[in-house]
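The same chain A turns up in both complexes below, where it pairs with chain B and then with chain C.
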Partner chain A sequence: MKKFLSLFISLVLITTLLAGCGPKQGTSQTEEDTPKSNTTETTEAKEKTPEKEQTTQTPTTETTTAEQKIIFALHDVPDGIDPNVTNNSFATPFLSNCFEGLVSINEKNELAPALAEKWTISEDGKTYTFTLRDNLKWSDGSPLTSADFMYTMERILKPETTCQNVTMLTDYVVNALACYEGKVPFDQVGFKAPDEKTFVIELMDPASFYIDILSLFIYCPVQKATVEANGDKWTLSADTYVVNGPFKITKMNMNEAIVLTKNEHYWDAANVTLEEITFRMIKDQATALLAFDSKEIDGMRSVPMADFARLKAESNDLHIVPSYATSYYLLNNAQPPYDNVLVRKALNLAVDRNSLIENVLQGNAIPAYSLFAPGYIFNGKDFTEGRSNYGLSANANVEEAKKALAEAGYPNGEGFPTMKLSYYTSPQVKLIAEALAQMFKENLNINVEITNSEWAVYYAEVQAGKYEVAAMGVGADYLHPMSFAPVFISTEPTNDTGYGSKFYDEKIIAAKKELDPEKMLNLIREAEDILMEDYPFLPLYHRSSSLLMRDYVQGWTLSPTGNFCFKYAKVVK
Partner chain B sequence: MYRYILKRIVMTFLTLFIIILLTFIFMHSVPGGPFTREKELPPKVVEALNKKYHLDDPYPKQFFDYLKGLVQLDLGPSFKYIGKDVNDFIIDGFPVSAKLGLITLVFILLAALPLGILAALKNGKWQDAFVMTLATLGVTIPSFVIATMLIYFFSYRLELLPTFGLDSWKGYILPVIALGGYSISFIARLMRSSLLEVMKQDYIRTARMKGQTEFKIVTYHALRNALIPVITILGPTVAGLLTGSFVIEKIFAIPGMGVHFVESVAQRDYTAIMGMTIFYATFLIVMIFVVDMFYLLIDPRIKYE
Partner chain C sequence: MSKEIIVSPADWEPLDIENDLREKIWSTQRTFAEDVWFRFSHKKSAFAGLLIILLLMLFAFVGPYLTPYSFDTQTLDFSNIPPLMEVTNVDDNLFYITANLKVIHVGNNGKLLAALPKLKEDTAQKIIYYDFNGRELPLSYQKKPAAILNHEGKRLRRDNKVWNTSYWLGTDGLGRDLLTRLMYGTKISLIVALIATFVNMTIGMIYGGISAFAGGSVDTVMMRIVDIISTVPLTLYVILIMVIMTDGFLSIIIALSSVYWVTMARVVRGQIYSLKENEFVYAAKTIGSSQSTILFRHLLPNAMGPILVTATMMIPSAIFMEAFLGFIGIGIAAPMASLGTMCNDSIQALRSNPYQLFFPSLMICIIMFAFNYVGDGLRDALDPKLKK
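What follows is the complex of A and B.
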C-alpha cells in the first residue's frame, strides 16, 4: 500500500510537470539530485558513505562465472556525447566509460596516469611534458599518438566546434585565447608534440591545480579520421563513435538503449571484467523503480524522491555518494535591501538548515556555511577541516538574526520590503523555497512572495540580475576547491551574484599562481574568509547523489563530481 | 471534384504557412533561449553557438532561410542535440510511434464500435449501463493514471508483462490499453448516441415495416449513417495516435517522437519546435482530408464541388 501511495505521489509530480509546461528534467538536476560533470572518483565518498556502500564499492578478487552483463536505467538524454563539446552531466555515464585523457582520478580519488604514462612539470610550473603509453590504440585498432592530441586541441580552439568548457583551455594555455579569437594561428599556441609519444603544454601562468583540470573530458583526444569524415555526426552512430576508453558503444539509440561492450584495444583491457553495459533510457522514475523492483534492470541512476525514505530504510541497493557541490540561494548584492551585509547576515542566521535537510531532503545532505564543499583531500586532510562556520549553525539562530536585522534598520522586520523569492520549477526546489519563506516569516517577520518559472526563463533572468533571492547551486567541474572560486570573482562573466570584492579576487589570483599546493589552499581559505565576512549569499547544504544498484554488481565508482565508471566493475553472483 | 482537391491543396499550404509564421513569432517571443543550459556557458561560446546556428541573423532572414530549407524537406539542425537534425527525430521516432498508434487504432475500433452498438441496441438495459459506466471511467481517468495502474498490477504485482519498452509483442499490451482508453470510451459513447439517433429515423421504420431482419437493418441501413460522426472524430484521433503521446511514451520508456513535442519547447530547441509543429499540422490536415474523402464512400448524398 505504501508503495502504491508513493506511486501516486509520483503521479502528482508528473501532473505538475505537465502543468508547468514540462520543466526540462535536466534543469531540476542542476540544483538537486545529480552532481555536475567531469572527472574524479570517490575516496572521500567512501569516508562518508554508509558501510554497505563500501562493501559494494570494493572490488572482490574472487573469480566468477556470472554473466558479465548489466542493464542500467538512465533518466535523461545528454545534449551530446562528444567529450570535447559537451559539459552536460547526463553525458558522464558514456564519457566516463568510453574516453580517457592524459590523466584521470582513480577509485581512491587520487590523480593517476591514464593515457600518459608519466609527466614532468618544469620548475616555474608553466611547462607540462607528458609521455604517452606504448601502443595506445583507438577502438578501431588504429594507433593513438600525440598527433591526436594536437588535432583535438586545434579542434577545440575553433569557435565553430562550440566547446562548452572551452575556458578550461583558453584561461590557462599560452595563446589559446588568441587562437580562439582568430588572432594567432594554432602553431603558436602552447601545445607541442615533439615526437609521437610526447605531448607538451605551456601555461601562461603557473597553476598547480591545472593537472586536475586535465582530467576533464574536454581534454580527451578524439580521432581525426572519424571526426573529419562525419563532422558533427560522428557521435551519433556506433560505427563512427571511435573511442579510447575501457568500453566502446556497439548499439546506439539514444532515446531507447545504448549498449557498451568491452574495448579490446584499451591499454588496460586486461583489468576490465564487465563485458556489456546496457544503458536503458527510462525517463519516468516511477517506471524505472518498478522495473528495478521486478528485476528487469540491475540499477538506476535517479531515485524518486517519494520513495527515498522507504528505500533508505529497507533497501540494501541504495547507494548515496556526497556530491562535490553546494546548493544555495543568491541574494542580489546589487539591489537594496540585499546590498546591506547585515540583512544578508540576518537571512543567513534565520535559516534552519537541519530542518531543510531532515524534512525535505530526507537527510541526504549536510549543512553548508560557505561556498566550498568538503571533498578535496590534501595530505590526508579535507580542505574544509578546521574551517570556521562563519557564525552560522545547522539550526536557526533567531535571536542573533533578529539583532542583525534590527541593526540593519528593520527592527522586527518593520519596514522591510516584501521579499521576492524565486525558484525554478521542480518539486524539490519548491519545497525548499516554501520552507525558507516560512522561516523568514516566522523568524524575522519578513513577508515573502514566492514566484517560479521554468529553467530556461528562470536562468536567463538570474543571469540578467533580475532577481532578489533566487535558488541556485554549483557543482564543481573538477575535484579542487578552485573549481568553486569563479562564482564570486568580480571579473567572471558567469558571476550572477552582484557581488564583487577586490580582496577576494586578489586572494584567488594569488592562489592560482601559487606553486606550493599547501600555500595555495591556505590562500583559498583566506579568500573564503573574506568572502563569508560579507555573507554575499545564502549557503544551504552540500547535497548527495543517490543511485540504486544490485549488490551483485561490484566495483563501480560514482565520483563526487558525477563520474560514473564501470572500468573495474564486475558481476558477482 | 479535381478542382475541389486542388483548392484543398492550396488551402493546406496557406494554412501551413500561417501555422509556421505564428509558431515562429510565438517561439521567439517566449523568454529564454536554446543555449540556457544546465550550466552557464561563457559568453564567447554562446556567441559561437548563435553564429553556428544563424541565430545572430535578423528574424526575417532566419524565417525565410527556414522556409527555404523546408521546401527541400530539411527541418534544420536541432539546437539542443549536437549533430542531430530535426529530420532524425522524425525518422527515428515516427515509425515507433506510428506502429504503436496503428495497433492502438485497430484496438480502439475493435473495442469501441461493438461496445457502442451493443449499448445502443440494448438501450436502457444493463449492457447499456455497463458500457456507459466503463466509458465514463475511460474518459475521466487520465491516461497516465491508467498507465501507472496497469504497470503496477500487470508488471509489478503479477509480473506478467514488461514494465517498459517495446522489445517483444508483450510490451505493446499495456501502452495500447493506456493510449486507447480515452478514445475507446469516447468513440463508444459517440457510436451509441449516433446509432440511437439513426434508429429513430423514418427510413429505419420503413425498413422494419418491409419486414427486414433487425440484423440487416442495423448493419446495412443504420450503421452507415451512424458512422459519420465517428469517422469525423477519427481524423484527429489518428493524427494524435500516430505522432505519439508524450505521457505514454515517457511512462513506458518508448523511443517515439511524442517526447519531442513537449521537451523541445522546454528546451527552446527552436528548429525542433517548428519541425514538430509542422509535422503534426501536416499530418492532421491530411487526416482531415482523408476523412472528407471517406464521407463520399459512406454516404453517396455527399458531394464536393
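What follows is the complex of A and C.
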C-alpha cells in the first residue's frame, strides 16, 4: 500500500512539475483559473458571470494593444550596439531602428537618401560630396552636423575603438589606412567638412559600389558629447545611448527586454507611426514560438526549422525574405586529395541540392551553383540572370560525379581516404552535414567521418586551415556582388580555402576600379567564371531568412542583408 | 458416525532410530545464491525489471538484424512521416500530404510507395500539380490545411487513418527509420552503461579495498583524493573530458569510468573496514596468507552484496549521463544514434513532430525504471536483515 501511495505522490509531483514548465504561459493560465476556482463555492448562475466578464475584457485588452505598440522576440544578445564598432548580425534590429547614416536601403532594397539630402560624385569617381538635411537633431535635441561625421570618422580610425568593419574605411578612403596605422594625422585623411551641412569623402581609387558601402552601420555618426562623457559605456544605458534614427531606446536590459520609443527629434518623425517596440530576448526559439502562439508577442525572428514546414502550410504570419547570402562547404584546396580539381568537381556533382532544400531545409532556400547570390538588380536585371550553372544541377549527377572521381584516380571511390566532414554545433547545420555525408557515401562510395565543435573553436580551426571539408557561409555586408568577392581573393585574410588564382584576383581588382557599373558587373562575372572552373568549394544554397509577424503589423522591412527596420511600420486592426 | 478405526499392532512398534534422519531439516535447504534468487524472484517489481532488461537486450542486440534499414539509411523523400498517417483517398489510392506540401503515395497496407514528382505550381491559385502515373493530381494550399482537389475542384478530406508499416515508429528529419535508430540507441546506451559500470566496479573495489585494508595514513591520503575528486561536480568533469577528447564512443566510456568510481570506492572501503577486524582475517593472517590473498580471497567476497547493489544502481545513472551528454550535444558522433542525441535532434521539432521525441524518451524511462527496480530488488534480496 505504501508503494502505491508513494507512486501516486510521485505522479502528482510529476504532473505539477510539468504544469510548472512552459514559458510564462502559466501566468495567463492562473489569471483564467482564479475566477473559476472562486466560483466553485458559489452557485451555477453566478459561475457564468465571471466568464462573461472575461469575454468582455478581452476586446478591451485588444483595443489597448491596437495602440501603436508591438512586442517582438529576438533570440540572441549582440556583442554590443555601438554602430561603429559592432559587425554582429544580432545588433541589427537595434541599429537599423536607432541609427541612420548618409544613405540607407529602402523597402524596395534600393539605395535612398537618409541623413544626406543629396550627393554628387565627381567625374573621376573619387570625390563624394554630401549635403545633409536641414534641422538634423540627435535624440537629446542637440543639432547633428557634419562635425559629428568628422568626429565619428576620427573615432573609427583610432585602433583603440576596435571597429570590426574598419576595412570598409581603410580600403577605400585616402590615407585612412595610414591614419589607422598611426602614420599620418587625421586631418590628412580624405574626410572633409567644409561647412555644417556638407561632408566630403575622397577615395583612393574610384569604386562605383562605394555608395552601397555607405549604408553600412559603421558609417553612422555617433554623438561626441555622450561618447566622450561615458567612454565605451555609452551604449550600456538608455540615458547615454544618444541616437539619430526613427526610434530611441528608453529601457535597456539586454538579457530581458529593450524598449524602443519613437524619437521625436528624428527628421522624418512625422512619417513614423509606431510608438513603441519592445524587443524581448527569448533565447530558445521553440519557447518564442509558444509565446507567439499564445499571442504574447507579435513577432519573432528565426523560426525553428523543424516547425517551418508546419507554419508554412498552416500560418499566414510566416514571412520569408531571401537573404543576400550563400551557404557552402569549404574544400581544403591545400590538402590532398582535395587539391585535385577533379575530386572537387566530383563532390560538387554528387550533391543533390534540391533534395537538401526540399527535405532538410523545407524549401527555405534556392540551390547555389556559385559564390554570388541573386538579389542585386541593375537596370531591372538580376546579376545572376544569364549565368551558367557551371555544369552543376539542382539534382545530383551521379554518373558524371563518378566519372570525375575515376579520372582523379579513385574509380568507384577506391583508395579515397576517409573524408573528415566538420560542422559547427547547430541543429540545422547538423542535419545538412548528415545528409551530405550520406550523399557522398551513396553516390561516390566515400567513407565519411563527421565531427563537430562549437563555433569559436570551429572557426579558429578553419582559419588555421585544419579541416578537410567544412561547413561555412557568407552573408553580404552591403547589397552588391563585390561584397562576396573577398572570400577567394588570395591576399585576403578572410580567404580560408587555400585557393588562390591570380586571374581571379586580377579580374576583381579590375572590377573594383571600373567606373561603369555594367562593365564592372561583367568583370565580376568573368571572375566568377574563372573561379568556378576550379570548383574551389562546394556551393549548396542561397538561404532565406524567415520571421513570424502578425498580419496587423504592416510596413516593416527586412532587407536581404539583414537590416530589420520598423520605421514605416504600423499596427492596423 | 460410527467408523471403526483399526490400528494394526505393528504400528505400535518403535521405529529404527537413524541419526541422519533425526538430524535432517525437513524444509527445503537453499544455498546463499538460491536464497537471493528466491527472494528476488518473489518481488514482483524486481522480477518485472529483470524481464524488461532481457527484452531490451533482445531489442537492442537482435533487433538490428531484423530491420531492413540501418541507423544511417536516409530516404530524404520520406522525412518526418509519423507512425499514424492521415491520408486522402483518391479513387482507391491513398495519398499522404507532408507538412512541406509533398504528396506521398501510400499503399493500402500502409507501405510508403513513392513521393510524387511535381509537375508545376500555380502560385496565383496556390495549387501544386503532382504527377501520379500520368494523371494530374492538384494540391491546393490556399486554405489551411492543404488538401487534394478532385475533378470538380472540391477539397478532399483527409479522412482515412493508416498505420505506417514501412516505418513503424515513423521517420526523423532525414527520413531515417526511428525504430532502427531506437534499437541502435538502446544498444549504445546499454553497452556504455555496462562497460562503464564494470570499469567503475573494478577501480572502486581495488582502490577502496586497498585504502581500507592498509589503513592509517595510506587510507587518509587515498580517501582525501576521493574527496577532492568528488567535490568537482561530476557533470562538469565529464563535459571537460569530452571536450578535450573528440566526441565518440570510447571517450564517453573513458569519461564516465574515470569519474564514477568514487562512490564505489567509498562503499567498498566502509565494508572492508568493518570486516577486517573479524576472526577469519586473523586466522588467515596466522596461517601466513599474503596481504593480497586476504584482501581479494577473503574480504572482498564477503563485501560482494553491497558492491553488487551499488553497481546495479550505477547502471541507470550511467545511462542517464550518456543520454544527457548526447542531449547537450557532446555525446556520440553523428550519424550514430544514441537515445540522448535522438532526443536532442527531435526537441527542435517537438511541436510539429512530437512522436520523434516521445519514443526515445519513453525508452530512457523504461530503461531507468527497469534497472532501478532490479537494483531495489537486489538490495532487498542481498540484505540478510530483511529476511522474512
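Observations on the structure shown:
Here is the rule we use: the second predicted complex is superposed on the first by the 507 of 573 C-alpha atoms of A that agree within 3 Å, B and C clash if a C-alpha of one lies under 4 Å from a C-alpha of the other, contacts with A are read in each partner's own complex, and residues count from 1 in each chain.
Convention: a contact is a pair of C-beta atoms (placed from the backbone, for glycine too) under 8 Å apart; a residue touches a chain by one contact, two chains touch by 3 or more.
The model shown is predicted, which means the values in this text are computed figures rather than measured ones.
Touch criterion met: A:Ser355 reaches chain C, while chain B stays clear of it. Of the two partner chains, chain C is the only one touched by A:Pro427; chain B is not.
When the two structures are aligned on the shared chain, A:Ala286 is found in touch with chain B and with chain C. In the superposed model, A:Asp534 makes contact with neither chain B nor chain C.
Of the two partner chains, chain C is the only one that A:Asp307 touches; chain B does not reach it. Contact with chain B, but none with chain C, is seen for A:Thr86 once the two complexes are overlaid on the shared chain. Judged by the number of chain A residues each one touches, B leads among chain B and chain C.
Once chain A of one complex is fitted onto chain A of the other, the partner contacts of A:Asn253 are limited to chain B, with no touch recorded for chain C. When both complexes are aligned on chain A by C-alpha atoms, chain A residues 286, 290 touch chain B in the first and chain C in the second. Within the complex, the chain B residues that touch chain A are 30-33, 36-45, 47-49, 51-52, 77, 80-84, 88, 92-93, 144-145, 148, 151-152, 155-156, 159, 162-165, 246-247, 250-253, 255, 259, 262-263, 265-268. Looking at the complex, you find that chain A touches chain B at residues 4, 7, 10-11, 14-15, 18, 21-24, 26-27, 29-30, 36-37, 77, 79-80, 82, 85-89, 159-160, 162-164, 166-167, 180-181, 231-236, 253-256, 280-284, 286-288, 290-291, 293-294, 296, 454-457, 459-461, 463, 493-494, 496. Residue ranges of chain A in contact with chain C, taken from their complex: 3, 286, 289-290, 304-310, 312-316, 352, 355-356, 358-360, 362-363, 425, 427, 430-431, 433-435, 437-438, 449-452.
Those residues of chain C that touch chain A in the complex are listed here as 45, 72, 74, 76-77, 79-80, 98-102, 141, 144-146, 173-175, 246-247, 329, 333-335, 344-345, 347-353.
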